[in-house]
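Both of the next two complexes hold subunit A, though its partner changes from subunit B to subunit C.
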Partner chain A sequence: MVYQSQAVAKPYFIAAIGLFVGQVMFGLILGLQYVIGDFLFPTIPFNVARMVHTNLLIVWLLFGFMGATYYLIPEEAETELHSPRLAIITFWVFLAAGVLTILGYLMVPYATLAEATGNSLLPTMGREFLEQPTLTKIGIVVVALAFLYNVGITVLKGKKTVINTVLLLGLTGLALMFLFAFYNPSALTLDKYYWWWVVHLWVEGVWELILGAILAFVLIKVTGVDREVIEKWLYVIIAAALVTGIIGTGHHYYWIGAPEYWQWWGSIFSALEPLPFFMMTLFAFNMVNRRRRNHPNKAATLWALGTAVMAFLGAGVWGFLHTLAPVNFYTHGTQITAAHGHLAFFGAYVMIVLTIISYAAPQLLGQGEARSNRQQVLEMWSFWLMSVAMVFIVLFLTGAGILQIWLQRVSENPQPFMAVQEQIALFYWMRTVAGIVFFIGVMVFVASFLVKGREVARETPAAIEAAA
Partner chain B sequence: MPSLGPNLGATGDAIPGQRLAIIAETLYLINLLLLPGLAFLALVALYFRTIANAPPLAACHLRQTLSASLWAGGILVVANGFIILLGGYATGATWVVAILYFVCCHSALVLAGALGLARAMAGQPYRYPLVGRNC
Partner chain C sequence: MSASFTKSMARNIFYGGTVFFILVFLALTFDTTRALPARDHRENLTAQVAEGKEVWEKNNCIGCHTLLGEGAYFAPELGNVYERFGNNKEAIKIFIKTRPRNGVPGRRSMPQFNLSDEELEAVAEFLKYTSEIDTASWPPNIQG
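And then the complex of A and B:
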């Protein structure tokens, strides 16, 4: 670690991994509930399990982004973090708010939770992904403001690089877009219209800036390629992400009552959305091919390359699969959406957080540049187990989705939703098996932190110098 | 814009043939993503106009991309045609197999092309997994 204050990233990463384990466990519960309808009912009903699964995802990714920021900003700005104490306080506030909210979902009926947390004073609850009580949302805003203040002051007093500027832009956008969670008009079309400003403009907008900045940071470190080269790529990628992603929001406006022109705008711009992800793949492999050093942290390099590939497949290919309006007319709200959502979130955001954790962990744990060989081997096993399992989860969901569309919306005698669900149960069983393998992969990742092993051979300063 | 003459890529490149290698990989990807058929014809034309005098790096990428494009045609068009012919157009099973097959194969071929292009940009040779020819 170059700066002491980078250590504040550690609790954020630990919390992120802990919540990730919880998220995947609830994913398994959901997978089983698809095929055994009354599994864990009434203790954990399907709607509650789904809410916990998606909310935990958002919360742990935010922990990951914050940890990544606290880790890389001091190094980029070449100065200590403005206030490590504030970073630790916000960590505990955010963790407490997150855990209490999840416990609230699990222990209290949702309507009671809404009443108890004063939702009637400022109603914001009851919408997918934004189910959090209004109090929690206010807490998130306070934490975000404290976080942005801390990081912003650090950047202002230190060196301004392309990476920390793009990262700060992404994080500011994240906080700004979240404010639309407080706008809750009674007209459903208007509600959905602005709801997507949070959901879509996060994952297909500002989060891509955060992803690009973290990926660029790790690639500079593990490849030793000139910063200028990587920064140029980053500029092009984020420009493409914003140009396509912002108007690409239109692919959510096809059938919600918004004007018809969105079918054109949404189709054209979201058809271009794979472009930044394609460039990201090209960028990552190009940098690794041109590397000027052999970094001993092989696992982090693997995660970085995996992020680019899986993000392209999940967000790019599986997004394109159902993004054109005439296709989406049939695929809307089917398991095709679930397939895309799983691979896109895993490829783009889960993997980038695991990439930065993989890169930063040895330094945060005092192991130098890389963890032991044994730990890295375990980590690489976890990479392959999770990635292959996720590919199969997505293929089974895609198969389920295609058959669902055929039986429910295309065939001469369209069948009702639940009748179709029974007929695609085989795909759900296979998805659950793949989910178990994914969970094993997560546990192997956790186990890689619990084992020890011999230190890896390090590059000598002379070798680094020679390579440069 | 460089002319597509026989010496393309041999001069002015940091590594001889790099530009030609990049053009070949780009045409392979355009054939898969944007202009199927047209980009393939351009790749064929480029291959026959330049292969005789191409530096080793360019020759490698030209052979790879032409071979992989031919395989891609077979894998994506011919095999999918068979799936639909054998299964019948109007069955759910055919749709499941055909779409999953197409998406998986197409993505794999595009990813292989992206890796090929990254190698060309780094001035390195590349062999397409399974469908590539030895350089």
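And then the complex of A and C:
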């Protein structure tokens, strides 16, 4: 840690991990409800547990992005953060808004929550991922504005590097696209059309800029490779992301009532969307192979490489799998979608946040460049447990999806949805078991912060010739 | 990456490419907006249908069901439920109205939402409207 004010990242990272634990616990509840239909019914119906699961995911990733930003902006801009106080105030506002919203979901029926928060004045609730009361959404915008102001001023008064420029572009885009959450026309197709401007243009658009910038920052730090090289890669990656991803939105416009030319635009451009993710993998491995130093934080390097690989698998491979219109005709809205959603969100965004936490933690905790060997070993265990468990979750869901499509949509005697669900229950059981392993992985990650370790990892002087 | 390909070339491709494709996207959006009213039968979008959409949203139906393939995958697709129920709004209303408060033991159950008669009528009308949107022949068959 070079600047004092980088320390404001710490509460953000702690909140992120705490909410991550909650998210995965609700994932397990959902997994059980899939096979034990009346589990917790009617106290926590499936739709409530699902909102908690997905909204916690989004909120903790946002905490992670903000923490990452507060951590890396001062170091990149080579100046203290404009206002650490404001950063702490917005932290508490955001946490309070998040926790109150989740409690609202759990404690009162959703319709009551909608009424109590005046949804009818400006109806924005009840759409997937955007379930938050309108008041919460306004709170998110206020927090985002304060946050952008704070880091924006910092960058303006400091050095403008490619990394902090790209990061700021991504964050500004994130806030801008969120404004479409307030547009909810009565015409269903129009509503869906713009709903994707939030959801798709986030994960396959502006968030990729945030992902690329954080990855580039960590790679510079752990490999010591020349900044010029890394920044050139970053530009190429984000160019590929937006050139393919913007029109790629069309892969969601095939069957919602939009004109049919979207089947062409969407298929062609989204088929190219794996490209930036593939380049990220090349980038990460290339930089690590050309490293000029062996950074003692081995765990962070592992997370960075893992992010690149898993993002490519989840977004690139599993995305391509169902993105062409003739394929999507059959896979649309099945467990194939859920499989892809899990691997893509995990590989790209969960892992990049865990990467920056892993890199920053020893410095925020005053342990120097790296945590003790024992702590790093635990962290690497959590890396493998989570990654392997997630791959299995996704393989089981893919199996369930293929059977579902066959029985419900392709075979000669298509069967009703519920009848099909019963026949593929075995896959859901196996998914839940893999989910428990995933949860253990999360707990091991947490445990790596709770154990002590005297012996501090040091840079190995040898093997620097590997860079040559 | 080769040295003759410089960072500023990469930067220009990023900004130029992004701006260009934003413009293409906006043009396509403009055309889509003009084409939509015919495809989604805007003339049938009555005040009751709009109210039905609000009932749909207020009760978070999307948290279990898909609608035109989007939403959750826990319960059946509802974009074509009007047809699956034999083009019968009454059947839809009775189904929603008769969900047991404590669910069906051991099975996935739909909650009892206690909708008023007006809300029931509106949401059924909304589902009927939705089933008439031109979705390029999706879903593949009546099972959704």
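The working rule: the second predicted complex is superposed on the first by the 456 of 468 C-alpha atoms of A that agree within 3 Å, B and C clash if a C-alpha of one lies under 4 Å from a C-alpha of the other, contacts with A are read in each partner's own complex, and residues count from 1 in each chain.
Assume a residue touches a chain if its C-beta (ideal position, glycine included) is under 8 Å from a C-beta of that chain, and two chains touch if they have at least 3 such contacts.
What you see is a predicted model; the values in this text were computed from it and never measured.
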For A:399 in the superposed arrangement: first (subunit B), second (subunit C), both or neither?
first
Winner on subunit A touched-residue count between subunit B and subunit C: chain C
Considering only touches as defined above, state whether A:386 meets subunit B (first), subunit C (second), both or neither.
neither
Just to be sure I read the superposition right, which of the two partners does A:61 touch: subunit B = first, subunit C = second, or both, or neither?
neither
Could you look at A:285 and tell me whether it touches subunit B, subunit C, both or neither (first, second, both, neither)?
first
Would you sort A:163 into first (subunit B), second (subunit C), both or neither based on which partner it touches?
neither
Subunit B and subunit C footprints on subunit A meet at residues none
Subunit C residues within the subunit A interface of the complex:
1, 5-7, 10-11, 13-14, 17-18, 21-22, 24-25, 28-29, 31-33, 35-36, 39-40, 42, 45, 49-50, 53-54, 56-64, 66-77, 101-109, 111-113, 129-130, 133-136, 138-144
For subunit A, which residues are in contact with subunit B within the complex?
278, 281-282, 285-286, 289-290, 309, 312-313, 317-318, 321, 395, 398-399, 402-403, 406-407, 411
Given the complex with subunit A, which residues does subunit B contribute to the contact?
92, 95-96, 99-100, 103-104, 106-107, 110-111, 114-115, 117-119, 121-122, 124
How about subunit A: which of its residues touch subunit C in the complex?
33-34, 36-38, 41-42, 45-48, 50-51, 110-111, 114-115, 119-120, 123, 125-128, 131, 162, 184, 186-193, 228-229, 231-233, 235-236, 238-239, 242-243, 246-247, 249-250, 252-263, 265, 329-330, 332-335, 337-338, 408-410, 414-418, 421
